[in-house]
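Order of writing sets the chain letters: A, B, C and D. Residues in each chain are counted from 1.
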Amino acid sequence: MIYFNCDYNEGAHPAILKKLADTNFEQTIGYGEDVYCAQAAEMIRNLCEKEDAAVHFVVGGTQANLTVIDAALRPYQGALCAASGHINVHETGAVEATGHKVLGLPHMDGKITAAQVTEVMEKHLADASAEHTVQPKLVYISSPTEFGTLYTRAELEALHETCRRYGLYLFLDGARMSYGLAASGNDVTLPVLAKCCDVFYLGGTKCGALFGEAIVITNPELKQDFRYMIKQKGGMLAKGRLLGIQFLELLKDNMKMYMELAEHADRLADRIRAAFQEKGFELVCENTTNQIFVILPNAAVKALSEQFVLSLDQVVDDGHQMVRICTSWATKEEDADKLIQAIRQI
Amino acid sequence: MIYFNCDYNEGAHPAILKKLADTNFEQTIGYGEDVYCAQAAEMIRNLCEKEDAAVHFVVGGTQANLTVIDAALRPYQGALCAASGHINVHETGAVEATGHKVLGLPHMDGKITAAQVTEVMEKHLADASAEHTVQPKLVYISSPTEFGTLYTRAELEALHETCRRYGLYLFLDGARMSYGLAASGNDVTLPVLAKCCDVFYLGGTKCGALFGEAIVITNPELKQDFRYMIKQKGGMLAKGRLLGIQFLELLKDNMKMYMELAEHADRLADRIRAAFQEKGFELVCENTTNQIFVILPNAAVKALSEQFVLSLDQVVDDGHQMVRICTSWATKEEDADKLIQAIRQI
Amino acid sequence: MIYFNCDYNEGAHPAILKKLADTNFEQTIGYGEDVYCAQAAEMIRNLCEKEDAAVHFVVGGTQANLTVIDAALRPYQGALCAASGHINVHETGAVEATGHKVLGLPHMDGKITAAQVTEVMEKHLADASAEHTVQPKLVYISSPTEFGTLYTRAELEALHETCRRYGLYLFLDGARMSYGLAASGNDVTLPVLAKCCDVFYLGGTKCGALFGEAIVITNPELKQDFRYMIKQKGGMLAKGRLLGIQFLELLKDNMKMYMELAEHADRLADRIRAAFQEKGFELVCENTTNQIFVILPNAAVKALSEQFVLSLDQVVDDGHQMVRICTSWATKEEDADKLIQAIRQI
Amino acid sequence: MIYFNCDYNEGAHPAILKKLADTNFEQTIGYGEDVYCAQAAEMIRNLCEKEDAAVHFVVGGTQANLTVIDAALRPYQGALCAASGHINVHETGAVEATGHKVLGLPHMDGKITAAQVTEVMEKHLADASAEHTVQPKLVYISSPTEFGTLYTRAELEALHETCRRYGLYLFLDGARMSYGLAASGNDVTLPVLAKCCDVFYLGGTKCGALFGEAIVITNPELKQDFRYMIKQKGGMLAKGRLLGIQFLELLKDNMKMYMELAEHADRLADRIRAAFQEKGFELVCENTTNQIFVILPNAAVKALSEQFVLSLDQVVDDGHQMVRICTSWATKEEDADKLIQAIRQI
């Protein structure tokens, strides 16, 4: 069976494994205070053109999300997000477990708008009983979203301005960051993100590393004592250098490997999408990153599932399902070819 | 100004004040372990025809809700409720602050159905990644609802059976209990509630007492150590007898006062509702309890607001607002007459 | 049986009951935004000579403690206190339930010192792994303490300066406030408390009211959005005026009733203490407020318990127990006489 | 500089790195549901002679501790432990952040006794106001302890029986498990642990792996829905197989590598301890595992610190410090020789 169900089926890029092996017996201090983490943080600051950003590394996305959000909010404050947002549906209530309500908004292909945030805030500010409701204080977005779509630079800037106007933090979940940066049509860069977001992270787990997310904090209010937060939430890796080393490899030479791996995945996804469209299947939304959401007849799902592991996300009706297909940095060209051929033969 | 904005604008029924004064210098032990609380609990068990129910008294509804729900759930479990449910919108995230997600469902006039619960549970059980999502474990309903509507006996029995089938707790918020029991068309009684619900409470605050809610726990799983929960959440009143004494007065003689006060309020509400309908104003929903939700032109709101304090709940469009009007046990007949006359003169 | 086990065995001073009855049918808005609460808050600001203090009323002490502490701390911060402090031993982990560690320090008769706080902070600041430990951010003290002792003005000023130096909040639990203010030897006043503490409260429950604690916040950092906190924690009383009315009665005429009631209790306690000492029984600590802690032979405990309900706090050894005896605003002179006579006859 | 400050300064045993590289491009499903995790779990069940144990893998010790404890406790329950226990002092309040009080007990060289637990429970059961205090429900111990000492089989069995008698869970933190199993004088085995503990874990991070702790749950009450807990707390590794693969390597052939690596470290530690004793320095406690706690004159600390990184744990007095020295699976014989020589030359 060939797995197309997600983008974390394999280990890491061999260069990363090699670097981990090469440095294996070096002695460093623990908990992310080693020289590799320092170098990786400095590299990320440079890539973001934000020399005063705080950079922290954690093992996974749920850790990043719950730690950032709990650090940012006072007890009665909540996080606005798309109803489809990862924190709202696929983290077993991790944010609520830190005491904060996730305030889901209707989404368009996984995205929310500055106008929606404005509407919520105007309503809250006008509410004479506001203190009986959760006070929105942070806007959580993901890009690429859970539907593989991207925020444009203009959309991010609008969200940024709206958040600033209402005293909200803007937090971007970049678990699939590289697939967005490398996507056709993308007009967002790390410096743009560093300007627009109070905090965001660059994903490693899904983008070529064994694991790891690099949290970038640009808002000074959120920087203080962040390591206490990481430790408390169980996110402080004893051998923290494992995170620094991996990001150094991924991002070195101006993100060469990080971008090449993502371009590979995005290009294969584009080809697969085209194959579906040629056959007349309906894509759930238009997008250019490594995830493909398509509505297929049950028979097609069954046929493809003989050779391929897909992610069966949702029953649409008696005859159709919504299916997610992911490529990744590790997807073999030949496997994509096989899938495309199978699609054509449905 | 005459207040019709809510049902807690006055103090308590004079008989309750008198009883508090009469017993004032008796010495009793604290924290709800006194003889009055014991008698009130026994009286409630009899009224519910449920001799093994555990009965606890707390000061307010939010305390009752957060204490019951946190007692009932394990950390990864959540509470299903109508999106309009009090715990979802008007308690400043009190349930989330105990670590649990509130899972809002689309509602019909404040109500949810057994079919909706079934759909959620079937989806959860069929989800191969269920452990990435919050596990529903409790269904929270209120009756009367936040829209003044009532669950019928058949609806409660259907919810009860569905909850039993899926291992869910059914929890009914009865902050306005008496207004429901006394409403025309109501077919629910305390014994029915005690049979259908794992836990519910009878409101005192809005129904004639200074304050107080009587929590009735019928499911043995929820009884254990509940007083630890009350104490931890700050809900254990030092002079606990104040709660017992009030409920004894309210409920004695087979709930005579509790029902008469509610009938008074419901009847006045019926008259006010009729006045709005005679003038052709649109009620938000049909109901027979002490809350009236009506959509009024802005000019009508302005006119009524000269004499009356209303609850302006929502802007409907540029020309209309949704307004809530409450009667209560304390509403004077003459004040209702004035309001009705004012409505007729709009 | 005559109860000397605690200071909340009776209801409230009759003047308070009368005022509640007199205002019973006035219509006010809810949740503490009524005119009585506003007047009581203003009265307290004047008594504290702190015109910009924020004043909020809640029903009980545990509510006050957990709400203040959770409002003051970020997630990784904790509260220093005497190991004997109420929040550390008698609130069922209410503070921990909001996510914060209570850091108990060795106490002297219920008190801690500025020097102890300094030592903790110097150690924390010198700790290279400080972020692996809870960061102390608030000092909780009670006065009168759980042993009935009092902080002197000099001790409070020293704590205040130490807290200021290390960026800590000083929070004083004044559940028995009046018994301290009225005690012989006391040199602390409300203005002194308002100068030294970032937040403190004046107890009503144990000092003549049915219930209620008045929280005074002097530090602007702690004022923001405090009503959201109260609501979330279930501490916002629907008929909030019940709190305002009670404090207005208790504190009017420059705290005349509040002080007289406490003087009565303190004087009776002094007489009871003297009786124990005359008989050669060992007091656990010297103090001048309404609580008496004495070590008695088991036979003496048994003898007294025939007529009086005492608080049996601790087994000291096979032959002795530590007993707490409380007087209160409601203790009858004749009951104290009976107790003294019984002590003399042991 | 040579690091002796802790046991996580290096990466992993080369055989583990090799296995990770060999399996790197295999496609497996994520989140610990792969075949490697299944095999590793089965291997651990066999080693424990407990075929119905549930085995879960998480990245680190704090994650293991907070997830297990929050899964085990109801909101008002707390965890008993040595005051020196890791959860009490070095996890930034991670357990309290899940809402639970850690109840520290006086310790002897890092250990607590069944008699202490009995005393606490008898006092709680005899307390008429028990519900005003946190209910102890779990006993947390670590072995090797934070002082490098070990529980004997008899001590564990006594704790087990005491816990069973009082309905407590016994939870053993085995972050340094292998160093205990391999220590001279140890009489505890995995089957003994599986019999005595309701839940415990085998450390990987400090014992030869890059990271990872294997949680073994023997008590059926604690097994249910544990994966929901792991996910919510951010402990579910996307590429979960990384954990399974590492434990398979560490533990295969009847724990050959796991034991050999630990024996190496323990033997070096024994030699270093002997060197200190020969010079007349006072060990903080006698122990036979890989941690050495010694009290040294400041001059000795200074001298050793020129060549070696030590863990300076505590100032004892003006002239002395308590120092921790760790060997590990990765400590080179020649580095230990250098340290011993330096000790002799102090």
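Keep this in mind: a contact is a pair of C-beta atoms (placed from the backbone, for glycine too) under 8 Å apart; a residue touches a chain by one contact, two chains touch by 3 or more.
What you are looking at is a predicted structure, and each value in this text was computed from that prediction instead of being measured.
Shared contact partners of chain B and chain D, listed by label: A, C.
Greatest Cα centroid separation from chain B: this falls to D. Counted by C-beta pairs in contact, the busier of A-C and B-C is B-C. Look at where the CA atoms of chain A average out and do the same for chain B: the two points lie 42 Å apart. The geometric centre of chain B is 33 Å away from that of chain C, both derived from CA atoms. Chain geometry summary: the mean Cα position of chain A and that of chain C are 49 Å apart. Chain A has residues 75-76, 91-93, 97-99, 131-132, 135, 228, 231-232 in contact with two or more other chains.
Listed in rising order, the residues of chain B touching chain A in the complex are 75-76, 78, 89-93, 96-102, 129, 131-135.
Residues 1-3, 5-6, 8-12, 14, 17, 20-21, 23-30, 59-63, 66-67, 91-94, 97-98, 205-206, 210-211, 228, 231-239, 242, 309, 330 of chain C are the ones that touch chain B when the two sit in their complex. Those residues of chain D whose C-beta lies close enough to touch chain B in the complex are 31, 70-71, 74-76, 98-99, 131-132, 135, 225, 227-229, 231-232.
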